[in-house]
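Next up, some structures in structure tokens.
Presented sequentially are two complexes of chain A, the first with chain B as partner and the second with chain C.
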Partner chain A sequence: MINKKAAFWTAVLTVFLLQGMPSVFAQDGKEIISVKVKGMFCPFCTYGVEKKLKRLKGVARVKVSLKQGVAKLYLKPGATVSDATINQAVDDAGFTPGPITRSATKGGE
Partner chain B sequence: MFKPKPLWLFLSVLVFLGSRADAAPINSDVGLTPFKGQVIVRTQARFVRKADDPSGQNRKLDAFALPVVGVYGITAKAAVLVRVPYFNKDLRTAGGLTRSNQGVGDTTLLGKYRFYTWNAKGTTSRFSVIGGLELPTGDDEERDSAGLLPAPLQLGSGSVDVVVGGLYTFASLAQEADINVVYKFNREGNDFTFGDQFNYNFAYQKRFWPWTLPDEGVYTQWNAVLELNGIYTQRNKVGGTIVEASGGNTLFLSPGIQFVDQQTIFGFSIQLPVAQDLNGNQLESDYQLAFSFQYTF
Partner chain C sequence: MKRFRTVWVFMGLLFVFLLHGCLDEAPLFSGVDVFGKKGTGPGEFDEPYAIAVDGTGRVYVGDVRNHRVQQFDADGNFIRQWGRQGDAPGEFEKPSGLAVDSLGNVYVSDYDLDRIQKFDADGRFLKQWGSSGKEHGQFDSPGGVAVDSHDNLYVIETYNHRLQKFDSEGNFLRTWGEYQPIHVVRSFFAFLVDPGAEGNFNYPARIAVGPQDKVYVSDAYNNRVQVFTPDGKFLFQWGGVGLLGGQFRVTAGIAVGAAGRVYVADFYNHRIEVFSGQGSYIAKWGGRGGEPGRFNAPTDLALGSRNRLYVVDWGNNRVQIFHLKNAPS
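For the complex of A and B:
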């Protein structure tokens, strides 16, 4: 016979785990690409960088930091974008691409 | 009898407006070009008053211009620009008669190519050239009750004119400096030839808000703008005869303020003449006001 108290805590634990699982699964396989963008100097010119990078296949969203001179690409799960493609997009926006770094998604990002 | 003297300078100023293609000063152009595929629409409401009449004839000019400019980036280095102006001009002549004209003026088609670029973190240095034509799309045979309006009061020149120029920009996160020169070769239309004009401009912009940049993200900003806008024009010709009271040099000091975000730029500037060396008894500039708006899609 199942202990009611144990069943209750098992249910609580299960709900807790299930709530946490989707975000873990959703983040699994996502990549963040950070590219240095040389030449950005004002808000108006960042628009082109954002627009060109957002249009790349597999990119979910783009975040530009003007002061840092960096654009971050948040990719869709399982997606990948080559360095050459990113460099071309930055070049089409009228700027000079710098080093590209890649990392996995972290919680909260 | 009315003498066609005073409006050439007004037209000279307006012709130069609108070839800009990016964040920029308010009254002059930059070495920057739009990104590939970028569409920018820009307009500028400009009010000109010239009431300082050294001849003592109490002449006065009030003029309003609204040029609308479309810019398209063919590549990140090459762009095309189309400019269509609307004019409203009121001139009080020496005899006390007011002669007016309003409507669409000549259309300007320009190409711009950036052939030098140096980029670093938060900094850029660029040099571009422009070239194009001003086409005689504005009416150049308008009349009023006193007869055919003089050429400077017409909406169009009646001629195909050639524009060439060089533009340099150095910009960083905190400030921007621009230098540019533009020359316009004016040709004959309806037996009248405006003198060639040479525009020379220096502009400096300083971001004052936010004073300190946020570490992350993109912000909106306010710039203080100070420009020196110079216009040198050769004398006009009527039927091959030089009009002595035409042409000369005017230098404006143009303080202004500008708001910039990712897709929009607003600007306001007042142009005050600090030097006017005009040939003959021409109306001299009192001031000019400019309200500019720019949006990118």
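For the complex of A and C:
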């Protein structure tokens, strides 16, 4: 017979830990930012997007997926880049920026 | 009734016109050879992007993701390579444009580092110039380079939408062009109405020099070729967006034969188109695929010795050699 009270507190603790994980990574690890790039279909396009994003302060490297139309920014430890800065860089590359999502990893990818 | 007949005749003519434009003509070449495959070893490529041929027939390929230039003989046999990733002299981030002067010196533009490097034929570093910016002598993504009969160097800049001309030592001589896109509808009907925007560009990709040192610019996102005098005076243009012969979906590499015949890599249509020196359409071939004679995004081309046309097949990580039936005229 499972103790209902214990199960409840275990669930609460699990949720708490899961919520806390990204912020722990963000402090100790590297942030990864994905930005959708609309209208990116060719190598000229990927090269341009790569170039403009790679130059942003705090960006360690950039990986662009032509297939998915997404650029991934791998930031330096502790660095962050604002959405506005990313949007401007994509715009400078000649494209329209889409949604931006952020995640974190301890060792980088 | 008569009106209906006229409409049907018009529709029929339009259908024949469109069908004609979509068919491949009799090939201008007698055979195709292929060299290269994806990899990092000698003779292998990871996104080959640029190509040039020197006066002795040796072939140079800008191998972007391997951050190097590779040199081959006219048959595609590997000779040597130079460069690695970095921004020191002799290193590359994205070797995006190649040209060879009359002395065999090799000019390499770097799309990311915004500079030109000059090497001798053995790959020894000679000099470099350029930095990021909009001033004279600065660049924003120098995508293509070409040399004229006086060994002046022309550099086309994708993000500055302009052309710059230098002497062989890198001294600035002149510049022309600014950003001016052509509306897609106007571009499609370029065979009927003048698309305008003469002398300006929309993400230009490549450049070539032809007879009388005429300068041919592949104006990529305006889907056209523009021709200038060596001093930058606009002469004429052709193209427009579309699938028909004489139209383009993003013009890429461009090469001009000794008598002015022009070869253009039609990037999104995955084909090569051939024109007279005045821009009259002659032929096309290709289509998307991995077989010899087909392409996956051709980015550059160059004419070589013994009637050969070399095409960089970017998405297939290879170079194709087309043996032209007649000397490039």
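One rule holds in what follows: the second predicted complex is superposed on the first by the 79 of 109 C-alpha atoms of A that agree within 3 Å, B and C clash if a C-alpha of one lies under 4 Å from a C-alpha of the other, contacts with A are read in each partner's own complex, and residues count from 1 in each chain.
Heads up, the rule we're going with is that contacts are C-beta pairs under 8 Å (C-beta built on N, C-alpha and C of every residue); 3 or more make two chains touch, one makes a residue touch a chain.
Treat the numbers as computed from the prediction; the structure is a model and nothing was measured.
In the superposition on chain A, A:Lys76 makes contact with neither chain B nor chain C.
Within the superposed three-chain model, A:Lys54 lies in touch with chain C and out of touch with chain B [touch as defined at top]. Of the two partner chains, chain B is the only one that A:Lys38 touches; chain C does not reach it. Contacts of A:Ser65 after superposition: chain B is touched, whereas chain C is not reached. Touch criterion met: A:Phe95 reaches chain B, while chain C stays clear of it. One of chain B and chain C touches more residues of chain A, and that partner is B. Comparing the two interfaces of chain A, the one with chain B and the one with chain C have residues 41-44, 47-48, 50-51, 92, 94 in common.
Chain contact summary for the complex, chain B toward chain A: residues 22-23, 32-38, 75-77, 117, 119-124, 171-173, 176, 213-221, 260-263, 265, 296. Of all the residues in chain A, the ones that touch chain B in their complex are 36, 38-48, 50-52, 63-69, 91-96, 98. Within the complex formed with chain C, the chain A residues making contact are 41-44, 47-48, 50-51, 54, 92, 94. Interface residues of chain C, counted against chain A in their complex, comprise 47, 49, 64, 94, 96, 111-112, 141, 143, 158-159, 203, 205, 220, 250, 267-268, 297, 299, 314.
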